[in-house]
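Both complexes shown next keep chain A, but they swap its partner, so chain B is in the first and chain C is in the second.
So, the complex of A and B:
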């Protein structure tokens, strides 16, 4: 009973926790730039304000795809937290991202198309690395289930440190952080796929980003296994690393991003896979 | 549930330069810098009309940019407010009467707050935005149309051009 209660609570409260995390991140980012920053509850104020705007949509399929992006991402998070198949989780996440890419292609806006192209390239950059990491976990545990990882005695971090470094290198792509934020690129293509969403329908995409934070930090937590203190340490380290990286780097082009993630992060993950399969 | 009080807690700003000298734009960017830090009021410079609440216009409206200005205004969902930032956006400024300029922003879209100065100071911009927030809270979700869409088109020869100005100077020279 207790084993199920905590994941279910986490799943139900995931949008709330993600919103708080996003608000906290904005404060941390502002403090790194010696600014004061917005209040902690700022994402929820944004949420309530967006609900108050006049409803506008491009066409119904576009709005529907945006909402389904949120729903499928929440479902992927639920499968991950309840100890489901890791490959299934990665592909569910891919499904939710591809729904958003489809939404981007379904409008006639040039920026939306450009953003969808770039989002598709980002998927191409991080997806192989995540799958190699999942296969490495299979080689160690003999199963893809995350339940086996959460209950494992020795943390994965000690057995596959190279995979953790590879994950750290691809996380900025997944969370659309600088230097790998070509997919979003605010002020260049003004949000890319999110461009045509407005008001109530933008909320689905906006809150899906909060869920994405929880999803990515759960992936990081996975490397600590049953060691909760180590897990919290890893999450805090990743949080500071991501924000410092976001504040200190400029955007690279999509070709550089692809070359870096497949060349460096992909190679690291693959070496890790070889070590794990032959040791 | 009354959501109107949350409007002023997260105003998202869209900044459009209708053809000015970039002096006011630099001051708007200075508002985002650590010294003034308008993000502490929850403001974001979005750059996307479909998700923003406040339209900050700088510069006089040129003949090329007026259609874009009206288009951007029409794309913003209500409730929305318009701030004309600087002397040029409010009246036309030093560009008033030039052959390529139409003059102030209020000929085309309804302006709620005028901010004076050439260029405006960041303190003035922040003060203008705070006044605009008070207006934003009272606005309804009813459709707002631009002035340009209601008014008839500007007639040919309505504006002064270089030749007109030269005509006035000629008698003085001879």
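So, the complex of A and C:
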């Protein structure tokens, strides 16, 4: 009972937890910049404010795809937390991202299109690395099921340190953090795909982001296996690392991002794969 | 049963002859009738084929086959002389010499010429149903072609000729017969690619001819080495009967070369890329149901013998490389048909790889890919034909207004691309099975498995980027065009596409059923060992692979249903905003970003040739 209850609770509360995490992140980021920052619940205040705005959209297809992005992302997260097949989870996540990319393309907005282009390139940058990591996990456990990872005796981290580093290197792409936030790049393309969403419809894209936080930190948590303390440690470490990185680096171009991610992170994950297959 | 199979062999050939002589009005009816009849026959044979059926044919047919072989080669020689193509000439002379030598040297002791088993029946279904749909589509397409009335009849006639030859090819057991049909498909594709008779068509048709002749030559060499190594008669059954022998490695490698040339793998990919100059139904035919599918067919036929041999290892390495190379090559393309051609090459590589691995799950994966790739690619190519004829579009960068002028076509193309890429479509399931089993290979053959894995993961990501690039242009609309009204394209166009769309969607819903009753039995007979497919609660097991049903079902509602709903849904009482331009007035071309990857092509070809040499070397040593 207990091993079902916790994931189900996590799944149901995921948007809430993600929102809190996002609020906390804004504080941490502000403190790093010697600002005080917004209150912890600021994301939720924003949420309420957005719900109250005048409803506007470009066209229904665009608005609907945004909502479905949120729904499918939640589903991908659910499969991950319930111990589903890791490759399937990665593909489901790709599916949800693809809906957002399609939404970006569906309008005739310049920035939205540029953002969608860049989001598609981001997928190219992190997807192979994630799949290689998934295969390395398969080499160790003999199955792609995350359930086996959550119950595994020895944490993955000890056997796959390089893969963990590779994950750390691609996470900024997935979460759109500097230096790899080309897909969003407010100063250049004013938010990219998200730009044409507003009010109630933006809500979906906005909260989908919170879900993405939970998704990524669950991936990090995977590396601790059943060792919950280590898991929390890894998540805290990743959290600080991501924010420090976000605060201290400047955005690179998408070509540099692609080269770095496939060249460095991809190679690291691949070396780890080779090591795993020989041990 | 014999009479049905004979019907499947002869009917297309008879129709092919009739189409040439009968007037246009009647031929339309004949095409409709023949396509439905062929589909029904193929379905019947598929359902009722249980044990492999051996067909022995009277001796004089052998003489006829030898005669036909020689005639065909003489024709090729004539083509070489007339077009002054020395490559075709040399290959023809080599083939003719080899053939005459074999006819003289080999004893005349044929026991069995044809064998129809479940794999053949599976191919029958693919060939006859999909090609029949293409024939229907061509009725309208070819009417609008700028050529004489006789050429139009001639086009349809070759189409049916092709179907007949393919049916014969997938059921021949004797390699001499196989050689004839192999060369006849080469001839058919040569005639179809050169149909438009302009300089480019002729050049590309010749390229297709000589590249496929290399395959034919490899088959002749196979026949020679089987006899030379003392296995007696050159048949597929002979090869499969000596599975563990060292002596069959060379024949296997040579047949693999034949498969690689037909399947347009590196370094033979040029002919398939050049084939797009032909009328679009030809591309649909070559890519989906005939020609290139011969490659995975050969490998599947041989998979019990190939499994775990060094030849299979090189083949897996080669196809892994081809998968990523074709994906990278596709990124630089703008023409829709060229993009589709590259993705065909990549997916064929995956099918051949799965066949070469030869475990129960991989065989199922290969079959799933063959079928669903056939349906999806056919749908995409026929739509490319509609785009050409109705909307006058060929380049993807010009298609950015299609979402407004042709919402139905753009929707179908979007779904077609998604079906190649994302869950829960059949082609995705095939890909997923591949990745999961590659993991299994990697526990066994470490470095190779790891490398191929990376190639497939990387290639898959590159392909998804490419598909997004195409889909992105297709679906964009301005806010004023919120109400969708589907365009009309004429009955032959819309009906064929509706049928294919129905097949794609039925493939999703019926997948659990298809796996147990359709793919698993075929795989079991091909391998000669049971392939258990069990449903347990919410999971399905294919061999040792687990397929969770719930996520796939949900994915079905998320993707196709979402895309279709997204087109039709209307939010009421929501105000409209026009797109934000940041206060700038600029002309932005909505055609997507480009990568120029053409520079890498020569390296890819060189690597392909290295792989081919290795393939033959490992078999010799």
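Here is the rule we go by: the second predicted complex is superposed on the first by the 279 of 279 C-alpha atoms of A that agree within 3 Å, B and C clash if a C-alpha of one lies under 4 Å from a C-alpha of the other, contacts with A are read in each partner's own complex, and residues count from 1 in each chain.
One rule holds for everything that comes next: contacts are C-beta pairs under 8 Å (C-beta built on N, C-alpha and C of every residue); 3 or more make two chains touch, one makes a residue touch a chain.
None of these values were measured; they are calculated from a predicted model.
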Checklist entry - First (chain B), second (chain C), both or neither: which does A:216 touch? => result neither
Item to check | Partner chain in contact with A:235 - chain B first, chain C second, else both or neither | outcome: neither
Checklist entry - What is the contact status of A:190 with respect to chain B (first) and chain C (second): first, second, both, or neither? => result both
Next on the checklist: If we overlay the two complexes on their shared chain A, which of chain B and chain C does A:79 touch? Say first, second, both or neither.
Outcome noted: second
Next on the checklist: By the touch definition at the top of the document, which applies to A:53: first (chain B), second (chain C), both, or neither?
Outcome noted: first
Next on the checklist: In the overlaid three-chain picture, which partner chain does A:107 touch, first (chain B) or second (chain C), both, or neither?
Outcome noted: second
Checklist entry - After lining up the shared chain so the two structures overlap, which partner does A:36 touch, if you call chain B first and chain C second: first, second, both or neither? => result first
Next on the checklist: Just to be sure I read the superposition right, which of the two partners does A:198 touch: chain B = first, chain C = second, or both, or neither?
Outcome noted: both
Next on the checklist: Once chain A of both complexes is superposed, is A:163 in touch with chain B (first), chain C (second), both, or neither?
Outcome noted: neither
Checklist entry - Shared contact residues on chain A for chain B and chain C? => result 54-56, 190, 195-196, 198
Next on the checklist: Show me the residue ranges of chain C that touch chain A in the complex, using the header's touch definition.
Outcome noted: 403, 418, 421-423, 428, 432, 435-436, 438-439, 442-443, 446-447, 449-450, 453-454, 457-458, 460-462, 464-465, 468-469, 471-473, 475-479, 481-482, 546, 548, 551, 554-555, 558-559, 562-563, 565-567, 569-571, 573-582, 586, 588, 590, 592-593
Checklist entry - Mind pulling up the chain B residues that touch chain A in the complex? => result 3-4, 6-7, 9-10, 12, 34, 37, 39-42, 45-48, 50-51, 53, 77-79, 141, 143
Next on the checklist: Give the list of chain A residues in touch with chain C in this complex.
Outcome noted: 54-61, 63-65, 68, 71-72, 75, 79, 84-85, 87-88, 91-92, 94-96, 98-99, 101-102, 104-113, 116-117, 120-121, 123-124, 127-128, 131-132, 135, 138-139, 142, 144-145, 190, 195-196, 198, 262, 266, 270, 273-274, 277-278
Checklist outcome for this item: Within their complex, chain A touches chain B through residues 26, 30, 33-39, 42, 45-46, 48-56, 186-187, 190-191, 194-199, 202
